[in-house]
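Working notes, beginning with the structure itself.
Residue numbering begins at 1 within each chain, and the chains themselves are lettered A, B and C in the order written.
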């Protein structure tokens, strides 16, 4: 078990290094420091101005170690990312780490409840639909899921803002206030909309998982023992279905911290998602690559956690 | 080469490919049966997809001239597609509601009263026309992206699965690395560093979507490799390339097609998000929806623009999703579950 | 002796493109206490569906359409869901063909047997566990104490089947249904499991409905035999009668195709053709398409039961025209 966890973690470290290399190629080779400078300063910027800008932002070293082993961008890139010393924003010179620290709170305030609500609503609804398999409840349920999946999240957001906030005035259209007594009012609408927009795909996925499990032989054995349907679902099916469910859930983990790009900026929540959107609009490459790295890092950690929890759930993994 | 010439060539190629596939399906029992079954199960969805494809083709065949150079000198020197020509002379000056006789704000008379079933947008363009033009963009995104993603995924997935060893380790590492970056962030990063254009959006979508398909093809190739008839072919001394082409690839095609159809709706939805971030493709429904953000805050609100583009997007995705689901049930009920 | 199970006119059908197809068609059989009835036939003949019908576990969209299933005086078809649940695993237990997949992979095998006990008896966890340990000993699982906490993947196929048997016998059912209990196992293990079943059956006095396609197994274990073909029982009687003096051409064909009985060097006898799918069953005798002795009425007329020896019955036109059995 320990060996398994260690092996998994070692591969995770390797993947982190791979992601960093990929980011380096993207953000330094494909979009070279000169490009970045020109995008910030304009196409007609004088060469001296560009050099000055590069020097100010720490982009004035050669890229690769074979150009200058002791002083190159690649090593600096690895060093800064791995020590979480992300430097300053290309756009406004703010220390990126500082900005991230401010953004995490609002992001988590939105995504933690969203994570819990999304999973529980998805699983409860799909258990319900799977329980009525082969009936019209099931068929209508699947229909609704496909319907829901075919609507862009943009439409959910705009429709929700228009109807619930603008016409019915149940909640504010957007904004954020960390005061615990009012924060719920700001988060309610994005929460409802996000759950609604994701529930179709989730239910359809979980339903397939549950149906596949309920067709297995051990379920027939449990029925032959005289176990009831609810007991079979709770004690036998759910535990086996946990494995594919975990896999899907872990995909959502980076968004726990990153927040949802769309939701945060639509609803004016000053979290990491909003920071990312600002970075896109402001050609702020240093912030952007930091966000991509953090997203990937969280995902990799999440994957390792999933694999470890597989081992906890599934004895076949644990004892192999 | 002029863009419209390329576009015309593509139309010809698409039509030729369509006939080629039709001829192949006629001779191939399995595909023939599968498509018949698909048609039996989902006739409406197939017709809807065909209509979208038809509109897209109408907007792709384009040529110069034939436009009276009266008011707009520049426009007269641009190539116009069949669709453009159908909607020539529907230009207004500003917003107007569906079938209105006057402008929405101010109430000035329209040049063509009552002729805009979905109204006009801020520049006075017919919204029905813009919405129909979006079909080409959507199919272009799906098509171009899969042209990039499918060969890449097949090449890497199949060779990794078939040859194994170091190559498999390398490909698996590449897949793990790419799959570790949250899809939307990778998309954004790719488009940002390449600079925004239709082509770079498609490349970015291709790069982010080949991973899933490649994982599927690799896994399936690993299984196929161990099947008796493949082993037998190897024992008989059939060349590796021939085994791959004759025995492995044909048995992957159904997975490729199902994955592609199921992927399609994800691609178009991603593009809508990119449009909203300002890095999408020009003329897409995503962009029209994005514009509607302001229009919904006006008073009174402009609702027809988002209604038309949103419905068009929804209709295509719904039809494609239904076709994809049915295809999966028919061709492969087991291997492919929804990818997480 | 009194009948433990009496099935009368059982019809179980599945929907198909052209209406419902009865995969079990008008099947009647009875099992007395302490008796082993073997239900024999090729795959797809409906023998497993008959068993699942008795458990009322026919997979959807199939369902029981007609007939009575009387277990110890009660018609199971008239029980409601809760009553039926109390019957399953308590009065009737079932062992399945695939021991590999029939146990829940993420639950310890001991707990799975404990669950079976505690579903039907109000005993403490500890008492149920003690009973499970005892059962594991009875089904000769070596080192039973340690095996209680094993997961299914840690046991061999034979051991898993022993666990299934322990589970099935845990509540001392009146009737045990064993659906091809040895098919998925190695030959040496098969013999051990059969031996075990026979011994446990003698000890407990449970009746067994043994479903198999293996006439060797039938000969080992059964008291009476029912031969099934394409949804219908074609011959039924004591083991001695059916195996020793078969009257239905299908039974004869089955017996002739046993390799052990073949002449050395001579080609193995076979029944030509395959069981037709339910949609292509003939209107008359189901076996008419493959029968070597078919004649005029076989294609269009369903054969009636022909009583031969006491308790030996064949549903065959050929047997009917010559009940004494000249051939």
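In this section, contacts are C-beta pairs under 8 Å (C-beta built on N, C-alpha and C of every residue); 3 or more make two chains touch, one makes a residue touch a chain.
In this text the structure is predicted, and so the values were computed from the model without any measurement.
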Partner chains shared by subunit A and subunit C (touch criterion as defined above): none
Inter-chain pair with the most contacting C-beta pairs: A-B
Farthest-lying chain, centroid of Cα atoms versus that of subunit A: C
Centroid spacing, where centroids are CA-atom means, of subunit A and subunit C in whole angstrom: 53
Subunit A and subunit B, separation of their C-alpha mean positions in angstrom: 25
Between subunit B and subunit C, centroid-to-centroid distance (C-alpha), Å: 55
For subunit C, residues that touch 2 or more chains besides their own: none
Subunit A - residues contacting subunit B, complex: 11, 14-15, 18-19, 22-23, 26-27, 30-31, 146-147, 149-155, 158, 161-162, 166, 201, 204-205, 208-209, 212, 244, 247-248, 251, 254-255, 258, 261-262, 276-277, 280-281, 283, 285, 288-289, 291-292, 295-296, 299-300, 303
Subunit A partner contacts - residues on subunit C that touch it in the complex: 55, 57, 60-61, 85-90, 93-94, 96, 98, 101-107, 115-116, 119-120, 151, 153-154, 164, 167
Touch list for subunit B against partner subunit A, complex: 173-174, 176-178, 180-182, 184-186, 188-190, 192-194, 265, 269, 272-273, 276-279, 286, 289-290, 292-293, 296, 301, 306, 310, 313-314, 317-318, 321-322, 325, 337-338, 340
List of subunit A residues in touch with subunit C within their complex: 133-134, 216-218, 220-228, 235-236, 239-240, 313-316, 319
